[in-house]
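Each of the next two complexes has subunit A plus one other chain: subunit B in the first, subunit C in the second.
Our next item is the complex of A and B:
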């Protein structure tokens, strides 16, 4: 694959990422458990998809599998297909992935305090990424670095380039991370809970920044979050995950205003609104541990609307309303 | 960061003393030919086994050679062997540790078994065996043999550091940005595991000087007439009742030098690893 195909315009609305029936297992010793089970997800070029779920539901695992960064010795993809821009990535080698990483797919991680190398300056880390693409006679890396910092609204680029990570605030570091991820103009940005480790006020700025950059650079984005409240601000489509399964998947508007799956309904009911009074309803119980997912529908022990088949048969994904959902309440038509 | 390290280092008088001694020794070693008052190989059979005096500060040996001049020449040899064999040992240990820790799996398994084997050999015995077979080894042989037998502990230590470091987010980020594996290992991992390597390097130089002295004492290290502290000591042992200076000065020199390296090494460890 050469550099030129990066310049070719992506077919607008074409599928950039296509995940079908993807199952990812973690292996510990002789036992294995599925952290992601039969996930279907498509991300079209230039669109933002939100992936929502509680901690441990498998959303980070799914995100890592899209950039080929699953821990190679402790995990494996056991079923399904995974393709990026028409290329089958399930069979991809490490080198295939390395060609895509950074250049076409980039990732911003949750914890900006751990994501920068503590012994290297920002200028070094940013410059090293820029130099991967720019020939020596091209735009000087320093100018490009300053430009990138400006893009993520960091002033005083001179000083920041000379700084070490520990001399910067969390918000600044996350901006640097975003600048590094965007340095090579990827087609897909995976943002794995990019605001979780930050103050609420900074969170809002980072979300706005990501949204603006996504539009300006016309890239696709997978925004992983446990905060349903952020979804409407940023994503056109939303996928809700529970215990390794994508239980509901549709346009953000329909998922938020007309949730189909009882889990999504419960999740949305527990959100505070301007008019809510008294105690918010809560979802009873705890999500299952990934190694001990109950049989049938994984949500059935907590589901207020469970009935006969729920503890025996894992529901398949079926259309309901304007979304796709996995629930026995919506039988095949 | 560096300023903090410097301040911590200066607050440790023993480490500073060690560093000063090492600098002084290194300078004397470099300036050895012009510093020695006499030719270290020139014999004067009319002035054999003379005690320390104004003309011969550390006395003369059984062939009338000036012990002070011989020790300065020997200093050069000893330091050269110390630094070079430490360099060999540190390079091998660091590279193998990085590879084993980063790749894990069967690469790691094989390398660590090799480390086990090297570690369970009595090192001195191994060195003696190799040098005995070589017969009249050159000082380069001595360097190589000391260096090649002392890397195993460091390899295991670096591997441990790398194993814990490679799981950190910034390594995942570097991979996510598409950086190559050699670049991640050398630019991102190595600086993060370098502190124990620096400490080990300092201690290894001291240990290598000690090993060289021991080997030369046994006649398997630096071969006469080339002087080294160890072989000056050997010639001194036959005359210990009549010429104490022949044994005392090289013995003290070895003691002070190795002590200086150990003090510096421990000082650096305190500076670089505040957990201790």
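Our next item is the complex of A and C:
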């Protein structure tokens, strides 16, 4: 298994993405609730950050806000700042986002079947992406398509280009999605649960592929996942989300081996492993629904270490160990 | 009451269309001569990827699909020809998605009482059953959408155990649940089996789930059992190349 230490920090540059105090609300009828609350996250050029959490924790909402794909009528950013490569994107228009999307920021989704057009060949769909910014006298699109398929280790490019999505396996479809996302050489790739729908052996291949491409192309990557086991293989830094907050944020090695927040601690201990047998130490209760988050620290009803302020005051982000965490156990400095 | 399961030479073939109009259809061997024994009170894991035949095996045992050949006996009962109401008393299933296996329009109490045997169908017994899976009697007056995913899976387990089956088949019992809730359900299945002594088949793609719920494991690939044995042996010394590949693909967390 690859260790985090080997992740090349060589190409890591300045802040590409900077999110400060970002709060995103969803609106339903007359009520609104915050799916992401006061999130701070930076992604430097050329580095991979993992965003980990359970369903409903806000990780996809945060990811979508970084590529301007929040549903405009049902959501709004109510606080904080969001910038990409120094450009303020909080108030960006659709046209501003369209300039960045695809060319500088690309995204790969969980279900490649849903993201591909079922009635167009792969060649057609990949060609459309390539033609968006290739000069007429430049490399012929077909050669570029074959090159992209080779990059994602899909052999027989002729056959693949003639295929329809349903004629390929799930792993092949996800490779095509990655090729399409990387066609315009983005600076940031957002991968939202890219391996969740795949078998474990295919998942392993896709994770290795993404990591290799991220290094070769020197792009930054936000790897969104619920699978804590994957983060150490792919990301130098990890942010853990719970009920809309980033509750812990640090190097992947320290978050996994020396977790600071009681949620991270409890979650890591509870996960079944190949060496555990039978009775697992459990986290009581379940994550709250996004619209009904408890007051104070959102984790307090499940927290084995809660004390006096926890049900009243939502803790701010503080340094603890080598991470940043939101927990009253660690005094403000 | 708790019976041995003996499965021998079980086979099942599906006919798959080629996809092209007027194209030739091909036969897919979903199960190829699968056999095993499961002693009363023991738990057997079936691991494999999509298309390995693990779910087909469960479907055949539970009567949702017919086998082409082979036998499956639970004690003196021939599972492949048994009547539905008899089977329900011997064998129950828990599915991946608890929402898909409960009736959204009926109160939990109604659904639980329907599954309980007439001899002991009292509200006291229903309350006790709910307590054994960590739910309260108050939940009986709720609808499935009014409880969380983890609670729905607890309820699905309670309902499956209402008939006091000899064998419980759990098909991906935790994979649709929140990560922080999975350990609760794994512990619950283990403690219920200790208390009640039913035998269990756990179908999962995640070897870690099998390692924590089963004594023995069968590794399936393309419809065939490629490796079988005690969980600790198979994990420590996998003999088949495919098992080694599965193990290598499991993300390891600690350095």
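Here is the rule we use: the second predicted complex is superposed on the first by the 316 of 333 C-alpha atoms of A that agree within 3 Å, B and C clash if a C-alpha of one lies under 4 Å from a C-alpha of the other, contacts with A are read in each partner's own complex, and residues count from 1 in each chain.
Simple rule for what comes next: a contact is a pair of C-beta atoms (placed from the backbone, for glycine too) under 8 Å apart; a residue touches a chain by one contact, two chains touch by 3 or more.
Keep in mind the model is a prediction, meaning the values are calculated, not measured.
Trainee: Do subunit B and subunit C fit side by side on subunit A after the overlay, or clash?
Mentor: fit
Trainee: For A:227, is the partner it touches subunit B (first), subunit C (second), both, or none of the two (neither)?
Mentor: After superposing on A, A:227 lies in contact with subunit C but is clear of subunit B.
Trainee: Based on the superposed arrangement, let me know which partner A:200 touches: subunit B (first), subunit C (second), both, or neither?
Mentor: In the superposed model, A:200 contacts subunit C only, not subunit B.
Trainee: With both complexes overlaid on chain A, does A:102 touch subunit B (first), subunit C (second), both or neither?
Mentor: After superposing on A, A:102 lies in contact with subunit B but is clear of subunit C.
Trainee: Quick one: classify A:153 as touching subunit B (first), subunit C (second), both or neither.
Mentor: After superposition on chain A, A:153 lies in contact with neither partner.
Trainee: Contacts for A:74 in the overlay, against subunit B (first) and subunit C (second): which applies, first, second, both or neither?
Mentor: Once the two structures are laid over each other on A, A:74 reaches no partner at all.
Trainee: With the two structures laid over each other on chain A, which partner does A:117 touch: subunit B (first), subunit C (second), both, or neither?
Mentor: First partner only, subunit B.
Trainee: After superposing on the shared chain, does subunit C or subunit B touch more subunit A residues?
Mentor: Counting contacted residues of subunit A, the larger count belongs to C.
Trainee: Would you please give the vertex angle at the Cα centre of subunit A, with arms pointing to the Cα centres of subunit B and subunit C, as a multiple of 10°?
Mentor: 80
Trainee: For A:177, using the defined touch cut-off, is the partner it touches subunit B, subunit C, both, or neither? Pick first, second, both or neither.
Mentor: first
Trainee: Of the two partner chains, subunit B (first) and subunit C (second), which one does A:271 touch, if any: first, second, both, or neither?
Mentor: A:271 contacts subunit C only, not subunit B.
Trainee: How far apart, in Å, are the nearest Cα atoms of subunit B and subunit C after the overlay?
Mentor: Nearest C-alpha pair, subunit B versus subunit C: 5 Å apart.
Trainee: Taking the complex as given, what residues does subunit A use to touch subunit B?
Mentor: The touching residues are 67, 69, 73, 98-103, 106-107, 109, 111, 114-120, 128-129, 132, 164, 177, 180-181, 183-184.
Trainee: Help me check something: in the complex, which residues belonging to subunit B touch subunit A?
Mentor: Interface residues on subunit B, with respect to subunit A: 1, 104-105, 168-170, 172-180, 183, 187-188, 191-192.
Trainee: Which of the residues in subunit C end up touching subunit A in this complex?
Mentor: 19, 49-50, 148-151, 178-184, 186-187, 190, 205-209, 211-213, 235, 245-255
Trainee: Show which residues of subunit A lie in contact with subunit C when the two form their complex.
Mentor: Listed in rising order, the residues of subunit A that touch subunit C are 1, 3-4, 54-55, 166-167, 199-201, 203-204, 207, 226-230, 232-233, 253, 256-257, 263, 266-268, 270-284, 286-287, 302.
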